[in-house]
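I've put the structures underneath this note.
Both of the next two complexes hold chain A, though its partner changes from chain B to chain C.
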Partner chain A sequence: MSAYERVKQWNTFARIWHIYDAKWQNPFDSAKVISKHIQGLHKPIYHPLNNCGDHVIVFNSRHIALPGYEWKKRAYFHHTGYPGGASWTLAWQLHEINPTLVMQKAVKWELPRGLSKFGLMARLHIFPDEEIPEELLKNVTSQLRQLRPVPRTLDSYSDKEIEEFPKVMDYPNDYILK
Partner chain B sequence: MVFPTALLLARTPNPDRFWKKRKIFKMSAHFYGRSRNCYSIAIRSVHRALQYARRSKDHKKADSIALYTQRIRAGAEEHGVPYVLFREGLTRSNIMLDRKTLSDLAAWEPRTFKSLTEIAAAKCIDDNIVGSRHLEEPKYFFGRDMLKRFWNR
Partner chain C sequence: MSKTHLYLRTGFPRAPLANGLGRYMCQVKRITIKFCKSHGSSRGVRDFIETDMIDFVKQNPEFVLYLKPRRHHSPHLIAEYLNGEKFHMSFHNFNREEISKWVNLMKTRAGAPIMAYRKLGHTDNPSIQGVWSPFANQDTSLNVTSFPNEKLSRKFQTEPTATELLLEMFKKQQLEDSEANESKEEESK
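Then we have the complex of A and B:
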C-alpha cells in the first residue's frame, strides 16, 4: 500500500469529532441528525457490525427550544418498582434538575434498541453551556449545521440597526403615538 | 431374502431407513441437545431449520437492499443531494445503475459518485422536480439537451 493510500485509509476509518450548537434548536429533530452521526450512518462504508460511528459534542443544551406546549405537556415517566412508585416529571421540571437530560433522552430514543445503545451513547458529550473541556475541544474537526436559524431578540438589535431598518412609511407629523 | 412367515416380512426393517435418517442427521449435526441425535426430534428441528433458511433468502435480499440504500443515501447527502432526488435524477438521465453498483461507487470510487450526484442534481433542477430548489446550481452542463436549453434561454 502506497503512502497516499495508507493516509486515505486512516482518514476513512478515523473517528471524527463533530460539534453541534443546540441553541434554539428542537432537541427531537436534532437527535435524528446526532444519532445518525453517532452510528456512522452518514458514511458510505456503513455496516451494522462496522464500528464506524463518530463522536458528537453538543453544547448550549440549556438553551434548546421545545416546540409548542412541550415544556408544559411532555412528561418523563419513572417507576421505582415499588407500589405507588410511579412518577411523572414535566419537561421543564426535568430541565431545571439537569439541563442536559432532555437532549440526552431525545438522542437515546433515536438510537436502535439493544445493548449497542450503551456504547453509542458513550460517544455523545452534552454540555449545558458554552464551556467545553479543552481536551475534548481539541479533537473537534467538524461542525454540524444547525437545523434552524437562531432567532434574534429585540434587545440584541442596536439603536443604529433599528433606525436603519427599512420602513414602509413614516408616521405623519400630527400622529400621536400612544 | 427368505421370509418363512408373513409376520416376519412385516417386522423386517426397511433397508433404506438408515440412509434416510442419516440424511436428516447430517443436517442436524450442528444442533444442540437431543435435536442432534434423536431422530423424531431432529426431523422436526430440521424441517423448521429449512423453513427458516427459505425465509432468510428473502430477508437477505431485503437486508442487502436496505444496506445499499443507506450507503447511497450517506454518499449522496455528503454532496447535498437527498436520496430520492438522486435516484430520480439518475433515472431521468437514463443512468440505469442498481443499488449495489451505486453503493460500491460511493465507497470505492468517491469521485465517480460525486459526478453522478452532480448529474442527478443538474437534471432535477433542469426538470424542476419538487425539492430541487434546495440543490446547488450545477457548475457544468451534461448532455446535449441541457446545453441546448441553456442557449435557448
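Then we have the complex of A and C:
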C-alpha cells in the first residue's frame, strides 16, 4: 500500500465530531438521530464489526422540551438492591438533580443492548448550557440539524413588534388584567 | 492437531489472465496418473491408457501427461496448475468413461482452489469515483464556519407557520383598506 493509499484509508475511517443544539428539542426523538451518529450507522462504510462511530456534543440539554405531561408523568426507576430500595424519580426531579441525565438516558436506551453501549456512550458529550470546553469544540466539523423549529418567546419580541402585532380587539381602559 | 483441513477454505473469486480475454491458455501444466499394472482397482486406468490416452495427448499439446506405474498402489491423479495449485484425486475402481471425464475436467479447470466464496463478484476496479470519506461531497464553506452555528442548526422550514400566515393576512388586509380609502377620497373630490 502506497503512502497515498494509506492516507486515503485513514481519511475514510476518520472520526467526525458533530454538535447538536438540544434547545426546545424532544430528547427522545433527538436520541434516535444522535445514537445513529454515535454508532456510525449514517456512513456507507458501516459494518457491525467496524468501529466507525462519530462523537456527538449535545449542548443546551437544560433547555430540552418533553412532550405532553412527560415532565410530570415520566418516572425513572432505580433499585438499590436492598429490600425497600426501590425509588421512582420523576423527570422534572431528575432534571433538577442533573440537567444532562434525561438526555443521556434517552440516548442510552436507543443504543443496542449489550456491552458495546459503554464504549458508544463514551462518544457522547452532553453539556447543560452553552459552555463547551474549547478542546472539544475545536474538533467539531459538522452540525446536526434540530428536529423542530425553536419557538420565539415573548421576551424576544421588542416593544415595537408587540405594538404592531395584529390584535382582534383592545382591552377597555378600565379592564383589570389578572 | 489443527482442524484447518476439516473445513472448506474461504476466499474471493479471481479469474486468471483477465478471463482469457486475449487468448485461451490452458491452465494445467502437468497431469500425473499413478497406477498399478496388475491390480483390479487400476483396471479403468489401464483401459483409458490403452484406448483414449494417445488421442487425448495428441489433441492437447499444451500440457504433459505423466504415467507412473507403481506396484500394488491404488490409482490416482495429480494435476498441477500455472497458479501453483496441486490437486490429488483417487481413481480407485473407476471405469474408463469416468476417468476420461475427470481428466477432461482437470484439463479445463482454471486451477482455482475449491473454496467457499465470501463474495460472488470480483472486480479489478472497485470504485471509479474513489473511496468514500466523511469529508466527501461536503460543503466547502464548512471549513471556515465556526461551531455551533445557528444557521446550520435550524430546522428547514418548508411551510410558513400559523403566526407568519396571520401576519401576512393582516398586512394584506391593511393594504386593501388603504386602497379602498384612497379610491373613496378620489370619488369625493
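Keep in mind that, in the parts below, the second predicted complex is superposed on the first by the 152 of 178 C-alpha atoms of A that agree within 3 Å, B and C clash if a C-alpha of one lies under 4 Å from a C-alpha of the other, contacts with A are read in each partner's own complex, and residues count from 1 in each chain.
Keep in mind that, in the parts below, a residue touches a chain if its C-beta (ideal position, glycine included) is under 8 Å from a C-beta of that chain, and two chains touch if they have at least 3 such contacts.
Keep in mind it's a predicted model, so treat the numbers as computed, not measured.
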Fit or clash - chain C, chain B, common chain A: fit
Contacts of A:122 with chain B and chain C, given as first, second, both or neither: neither
Which of chain B and chain C A:11 touches, first, second, both or neither: second
Which superposed partner A:59 touches (first chain B, second chain C, both, neither): second
First (chain B), second (chain C), both or neither touched by A:45: both
From chain A, separation angle of chain B and chain C (C-alpha centres, steps of 10 degrees): 20
Which of chain B and chain C A:19 touches, first, second, both or neither: second
Contacts of A:166 with chain B and chain C, given as first, second, both or neither: second
First (chain B), second (chain C), both or neither touched by A:148: second
More chain A residues in contact [chain B versus chain C]: C
Which superposed partner A:137 touches (first chain B, second chain C, both, neither): second
Distance in angstrom between the closest Cα atoms of chain C and chain B, superposition on A: 5
Touching both chain C and chain B, counted on chain A across the two superposed complexes: 43-45
Complex interface listing, chain A residues touching chain B: 41-48
Parts of chain C lying in touch with chain A, wherever the complex brings them together: 130-135, 138, 142, 147-149, 152-157, 161, 166-167, 170
Residue ranges of chain A in contact with chain C within the complex: 8-9, 11-12, 14, 16, 19-21, 43-45, 54, 59, 132, 137, 140-150, 165-166
Partner chain A, residues of chain B touching it in the complex: 67, 70-72, 74-75, 77-78, 103, 106-107, 110, 113
